[in-house]
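When the chains are written out, they are named A, B, C and D in that same order, and each has its own residue count from 1.
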Amino acid sequence: MGAYAVTAGPLDPAAVAGLVARDGDGAVATFVGLVRDHNAGRRVLWLDYEAFEPLALKAFERIGDEAAAKWPDVAIAIHHRTGRVAIGEASVAIAAASPHRADAFAACRYAIERIKQIAPIWKHEHFEGGEVWIEGATADPSDERARQTALERACT
Amino acid sequence: MGAYAVTAGPLDPAAVAGLVARDGDGAVATFVGLVRDHNAGRRVLWLDYEAFEPLALKAFERIGDEAAAKWPDVAIAIHHRTGRVAIGEASVAIAAASPHRADAFAACRYAIERIKQIAPIWKHEHFEGGEVWIEGATADPSDERARQTALERACT
Amino acid sequence: MHVTIRLFARLRELAGASDLSRQLPEGSSARDAWNALVAEFPAIGDYSRTVSCAVNEEYARLTTALKDGDEVAFLPPVSGG
Amino acid sequence: MHVTIRLFARLRELAGASDLSRQLPEGSSARDAWNALVAEFPAIGDYSRTVSCAVNEEYARLTTALKDGDEVAFLPPVSGG
């Protein structure tokens, strides 16, 4: 798989990290999102992820480009899972490599914040006693205020 | 290997991440330090890492305790390599798991900053034309100003 | 003109379809397509303030004018990660 | 009293030894042990302001009083990670 992927199979965070590191890099920061056994007081059984795949891939690419504009030495990879994901399994894996650790951490955090803002992906939570579609942000890649929030959370 | 390790063999970042995640965790942030092919204008050939192993393990434990005091829901693991490490290989692998991503990122960043401040480990850089011991911080775990710097870099 | 409409997640469930073919007057915008959809499936009306859209697999504004053959996707608030 | 001295990294190379056994006067501090070492190996004197120490595998201040049988480690500035 390439740097950006949406896949129904299990994610391999180590493989995602392996996609980004070059010989000049001293730091790889990764983020793995896991399905938790609880959410908002509910006992979660599993999540079903749905994606608008071609647009999700473009969103990841856009996030990578945004990161490259901000941190020119950083290389990023993003893999997101779809379909049923069990408790403890990875729903998303992000890796950011850079000569220096500050940029790797910042770009990795930025990427997960932006994914939550603009990736056309939805989680359908199945909990003890029911199910609910989780709805977060209205996806708008051109919303500069949202982008600013992501940059702030990336600690820049 | 346990959560804290100093080892002469290759590091396995995925295994380090596997040590920390529990069913209530939604986020695992990892940091892997890689040997770069250049440093301060020199073409690096390899690094030799030397550690005062029993004290290094205690330093990792201390760092884990400091992180647990600051972020009670975070679990941390730290593995550091010793001996000869080639370009592109991992010298250190850190994982921080938490129900929420902000704490996982912060604790992971805090850990690498503290390792650089207080872990009794030294890198002996072999570069094209010579070798040099890299010397960073005077190790002083009780230096509160250094700890403050680490917290600031962790974006807290 | 003829457009394909794609719906995701809870919008898909409320409308009971993930793909729809609809005729729209020439010059319709994505918002016009949305409003026609709300008339057809009133249950999705709650999303009028929060829906995003993509035209031909690119994010677009609701004011975007549609052309014959376009695919317009309506996206409820996202929750990836 | 008798103490074991451990040296690391460049200190080890400058002194040409990683482990040393030395007799020190009763009541000596880690700093006294260091100063005796500097007298013996003048090349390490540059580290007097930046050296850290550990006594019996725990970080300690240079003012720490040593006891017979203690192990004192002298650590140049660290560079792990």
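In the analysis below, a residue touches a chain if its C-beta (ideal position, glycine included) is under 8 Å from a C-beta of that chain, and two chains touch if they have at least 3 such contacts.
Model, not experiment: these values are computed from the prediction.
S.K.: Treat chain A as missing and name each group of chains that still hangs together through touching.
M.R.: Take away chain A: B, D | C.
S.K.: Measuring centre to centre with CA averages, how many angstrom lie between chain A and chain C?
M.R.: That pair's centroid distance is 25 Å.
S.K.: Provide the C-alpha centroid distance between chain B and chain C, rounded to the nearest whole angstrom.
M.R.: Here chain B and chain C have centroids separated by 49 Å.
S.K.: Hunt down the residues of chain C that sit against at least two other chains at once, touch-wise.
M.R.: Correct list: empty.
S.K.: Can you tell me which residues of chain B touch two or more of the remaining chains?
M.R.: 33, 112
S.K.: What chain-chain pairs meet the touch criterion?
M.R.: Applying the touch rule to all chain pairs gives A-B, A-C, B-D.
S.K.: What does chain B use to touch chain A in their complex?
M.R.: My answer: residues 13-14, 17, 21, 23-38, 87-88, 97, 99, 101-102, 104-105, 108-109, 112, 153, 155.
S.K.: Quick check: in the complex, which residue numbers of chain C touch chain A?
M.R.: My answer: residues 6, 8-10, 12-13, 50-52, 54, 57-59, 73, 75-81.
S.K.: Inside the complex, what are the residues of chain B that reach chain D?
M.R.: Per the touch definition, chain B meets chain D at residues 33, 49-52, 54-56, 58-59, 80, 91-92, 112, 115-124, 133-142.
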